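The first chain written gets the first letter, and so on, giving A, B, C and D; residue counts start at 1 in each chain.
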C-alpha cells in the first residue's frame, strides 16, 4: 500500500466508525466513547456506572461484554463493508467495581472473504486486564458510505 | 430427595433469586424481570427498548448477552452458594428489533464441586431462538442467606 | 411427520452415518465406533488407548475433542446435506486415563437454513461427564446419497 | 529481568517442554515435533497423514485441535508449574488435505495466579491460517523438574 492508500483507508475507518456509533443508541446510552480507530482496530472507553453493577456489587458481565462487543463491531466495520457478530466468547478474569473506567481494545486477528476474527482485551484504569473477548464476524449486504 | 427436600430447595432458589435481583442494579436498569426460577433453572424476560439498538438498527449483542448472563447468574446461584461467571460464549443466530420481548431460559447442564456449566437459550416473542449462550460458573466464598 | 416420514428420515440418517464413517480414516484409526444414530443425533464410542495419553498420563484433550467432533459430524450430516464444523468449544471437566471407554452423545440444539448448533457430552465408563463440547455447523455443497 | 534470568527461564522452558513431550505418547503417535519453545511460547509441527482425514477427505478437526492443544500445553507448562487445559475453543477457517504440513504457534495472552489464556494459530505449509484456537489453563499441584 502506498501512503495515499493508507491515508484513504484511515479516513474510511474514521468515517465508518463515526456512522456506526452515531446510530448506535445502545453504546451511547451506556456512555461509551471512541478513543481511537484505524483499519481493523478500535479502542472504546466506558466509565462503570452504578446502574451497571450486578448482585455481587461488581460490574455486570453483560456490561463488560457490551463494551467489548462495541469495540469489535467498530473494528470489523472499518472497511466500509457492513459486518455483524456471529459468535463471541469472553473470559472474565478480574472483578470491576463502580467508578472504574474500562477500555476495550479490538484488533483484527484474521480476515478472509466474508469472515473475520477479532481479539478484544478489556482493561481497567490501572491497565490490568479484566476480560478477554474474541469475536467472529460475517459481512452482510450493504456499505456504510456510498463510494 | 423427599417432597420436603424439594420444597425447601425450591424455596431457597426463590429466596436466592430475589436477593440476587434486588441488588442487581444493572438488570433492573435494563428492565429485566424474573419469570420463573427453580434449583439450577431461571427464566428472565426483557423488552427490547430503543436504547438497546446498535448501529444496524437491531438489538445490540451486548444486550442479548446481558439478558442471558442474568438468567445464568440467577440459575447458578439458586443453591445459596455464591457463584460467579468465569467464561461465557454466545452465538447470535437471528437479529432482533425494538419492541420485541426477549426471554432467556437457563438450565443446568453439569455441576460438580465448585464448577458448573449452564445453557441459556434466548427466544423472541414468537418463540424463535435468537441466541444460544453457554456459561461456566465457579463458586466463591459466601452465601446469599444465613442458614 | 407421518410414521413413514420418520422411518425414511431414520433410514437416511443411518445411511449418511455409514458413508461418513466408512470414509473417515481418522475416526477408524482412533478406534471409534458408532453406537446409535438418528436425525440430528449420534452416539460414538472410543476406548482410550495408551497412544492417546498426554504428558500428564491422562487422555490427551485432542483425543476427547476428536471423539466429540466425530459425534458432532455424524449428527449434523444425518439429513443428507453435507455439513462442516465452523467453530467448536470444549470444557474438560474431569481427567480420563488409559483403559477407560468414552462415549460421546451429540444432540441437535438448533438448526436453521445453513447453520446448526450441536451439544456433545462425553462420558466415561461410569457415566460421569468428562467433557462438554458445543459445535456450530454450516452446510456445504453436495449430498451423501443421490436421491 | 537480567540476562541471566532470561537464560535461566529459557533453559527451564526447554527442559519442561522436553519432559512434557517425552512422556506425551499421543503427540508422538501423531508425529508432532517441537520446533521452538520459550517461556509462554511454543511452536509444534505435524504432517497431515492419510489416517488423519475425515469423511470429507480433509484433515479431521480433532487432529488440528490436537496439534493446537499440544502447542498450548507446552506453552503453558514452560514455567515448571504443572498446568492443565480447562476450556478451549477453535474456529476452523480453511480445509487442509493429506500431505500438507501444519504448524501451531502458541503465545501467552494473559497469565495471573493459577490461570492463563493462550492463543494458538495453526498455519499450513503456505503460511495460511487454517485454524484459530484459544485455550484457558489452570495450574495443578506438582512441578516438572525438582529445583
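As a working rule, a residue touches a chain if its C-beta (ideal position, glycine included) is under 8 Å from a C-beta of that chain, and two chains touch if they have at least 3 such contacts.
Keep in mind that this is a model prediction, so the values were computed, not measured.
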Task: Could you compare the number of C-beta pairs in contact for B-C with that for B-D and name the larger?
output: B-C
- prompt: Over half of the interface residue numbers used by both chain A and chain B, so same, or under half, so different?
  reply: same
Statement: Per mean C-alpha coordinates, the chain lying farthest from chain D is B
Field: Mean-CA-position distance for chain C and chain B (Å)
entry: 29
Query: Distance from the CA centroid of chain A to that of chain B, rounded to the nearest Å?
result: 24
Message: How many angstrom lie between the centres of chain B and chain D, each centre taken as the mean Cα position?
response: 35
Multi-chain contact residues (two or more partners), chain B: 87, 89, 91, 136
Statement: Per the touch rule, the chain B residues reaching chain A in their complex are 19-30, 50-57, 60-63, 65-67, 69-70, 73, 77, 82, 84-92, 95
Field: chain B residues within the chain C interface of the complex
entry: 89, 91, 93-94, 109-110, 112, 115, 117, 119, 121, 129, 132, 134, 136
- prompt: How about chain A: which of its residues touch chain C in the complex?
  reply: 87, 89, 136
